[in-house]
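First the structure, then my questions, so here it is.
Letters A, B and C mark the chains in the order given here, with residues in each chain numbered from 1 onward.
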């Protein structure tokens, strides 16, 4: 352990954060990148936040969550409803309204994280996974039904507050907070539940509380990502948040490596850009994407990889945690 | 003075009476053995004591506090730690983190400090490191503190599990077949370590073992279970010479 | 009153289709302990195969139906051999992700061949509507109910009365022990995928005869709902899948008719959550206790 925050390592990290920001700023403000490329930076950031937060539940806690898009939707809608209200009925300055909207989105999503906590207390493994999927679909279906959210037509007129600066700031905040969290006593507890929940309970850890904690934290950041998403598109539709979106995020996390935050970040960048680079072969995009998914999974558990790893030619990646026993 | 008082303990699974009318009085500082043939209900007794199962009958008192109905985590906080017959480590965490996780309840800092790494985070983490390394040293595991627990050899995994249990600062430590799968040398060494731990931390130990010779070597008192019931209890000599015990072990 | 009964019968129809699909999920889960996410897309493949064999290959109806079922069964076997079998010892999550990959793969292949535009398909079932008392029952509903009942009865008999069926039960109970007893585990798993996919093909045929429109994503939603039905009934349990499917169909139909179309999905998934909270292993599922 270091002696404090101001270690050489942390100062280097800070320098890197500033350097990356300067690069992004140059790209965004300059003229050498296409408009289309510039428009990708915000989605990349949003996917990073989503993937890093999903990694808390799926990578560190070891519970498969298929409803992350549900939390994102809750955050997106509640944040957007607030900023629309603030713009029309109050004199709050735009940036402040947006900041409050982001926090509201995160908190409301986190409250729903507590709701999903109820099944978390009773179920695990595949059963919990299907309940999280059901949760996402219930959210989508209710958003579709309510009039305050615009129903199936969608919620339009959301101020376009999201830009690369806001996104970058929240990407960094998310990464720092969550990377710190997993390196704290709470983070250790959550990983210990993944590795062996019975043993965790036996050393005095109230497993159910910490499982809920993990879901609530993940939900908060998914909500934040949702607010950024809504204020980028200016219109929200229930269809943005179906289970395909949850699975898209899960795929990012899995390919980046479960329990690896840098992995999630890199994977989010690549997987958001990849379809764009493949746009030339537009029709074959989905095909290549799905083939890549299958081949990577097959390669990961193949003997070839094992041999490469043993011979040191291939970096050892974190292995997927085993899903624990079914319903108790 | 008795640390643990178990009276008329019993549990049924459906129609099966897995443990019936078991009494257990363990004095402070004692090393107590629980033996019996396969399927006698030894591990079930452990599971009852640690709250994994809720007993259908009987009382369990630790230092006068009733434990029946408490959850495993609450029972651990009341002062009972355990190991498992089939080792249950946090395999993808380091040896050090395995022990530090067990210190979770003792060295507090807030959730906000966890996110921000501010306040007492560094101080507490440092003292957790020191405490954990001190315990690991007793088991000669400090050299492997940064290995993944799952990569340790089998014998060391068993030791790490004991170290982790010890880190919760228990009054009573339950060891479920700590020497299972070890060769005679490793077993002898482990028994020395157990004696050492008892002296150094002044804790009480209840131990399940198959090997009667081994148990009689280090335990002060022994309880023999057969078919979920008490077959005999007393000093190793009494128990070993009890004809019923011999029959249970060797058959008619 | 009549309309309630009509809605109920409607629910039975869609529920029996869900049940057929759910059987595939539950059988595969029982034997391979994996959620075959691509199962829903077999429905879509079945729909396109039927369309091609009738419209392009000009096959008569019955051979076309048989051809569809056989193609889907073979596809099921191939998917298992190529994508899932190498992962048998891998963590369940790796298998699940692969299954998601297969699902996307099937959809994108269909997208390449048939484009995203829905294709209209004229139903191959031409049975007149029947009126009993004041109740109208469309011909397609009757055919669906008869076909699905026959399938379910045949499957139950197969599992309980035949040698291959008891091999399937044995493998789902304990793979290693079954192998020691001389059961060919690989063949049994292939058979399970074949049967599951064949049932999905039947479900797909019934489905497009009802909705008369085919598109690459057509299998996704019924697939998810059937999966929910399988979990609702207790995944791994064959009667559970039937019960779960039919319950789901009836609840969905009644809530669409009397509560709200938009909310019907929320109600269906809500029922699942509540059932799991009360009975964590589903309605007819076995409780599994982790040994300490």
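Just so we're on the same page, a residue touches a chain if its C-beta (ideal position, glycine included) is under 8 Å from a C-beta of that chain, and two chains touch if they have at least 3 such contacts.
Nothing here was measured: the structure is a model prediction, and the numbers come from that model.
The minimum number of touch steps separating chain A from chain B is 1. Ranked by distance of CA centroids from chain B, the top chain is C. Of all chains present, the one whose mean CA position sits nearest the global mean of protein CA atoms is A.
Distance between chain A and chain B, defined via averaged C-alpha coordinates, is recorded as 40 Å. Put simply, the C-alpha centre of chain A and that of chain C have 31 angstrom between them. Distance from the chain B centre to the chain C centre is 48 Å, each centre being the mean of its Cα atoms.
Looking at chain C, residues 292 sit in touch with two or more other chains. In chain A, the positions touching at least two other chains are 198, 319, 321. In chain B, 52, 84 are the positions where the chain touches two or more neighbouring chains simultaneously. For chain B in complex with chain A, the touching residues are 50, 52, 71-73, 76-77, 81-82, 84, 88-93, 97-98, 100-105, 107, 109, 111, 113-118, 121-122, 124-126, 128-129, 164-165, 167-168. Contacts from chain C toward chain A in the complex involve residues 29, 35, 83, 86-87, 89-98, 100-105, 107-109, 111-112, 224, 227-228, 231, 235, 260, 262-266, 269-270, 272-273, 276-277, 280-282, 285, 287-290, 292. Residues 1-5, 177, 180-181, 183-189, 191-192, 194-196, 198-207, 259, 318-319, 321 of chain A are the ones that touch chain B when the two sit in their complex. Of all the residues in chain A, the ones that touch chain C in their complex are 64, 118-119, 122-123, 126-127, 129-131, 133-135, 137-138, 140-142, 144-145, 151-152, 198, 243, 247, 250-251, 254, 258, 283-284, 286-287, 289-291, 293-294, 297-298, 300-302, 319-328.
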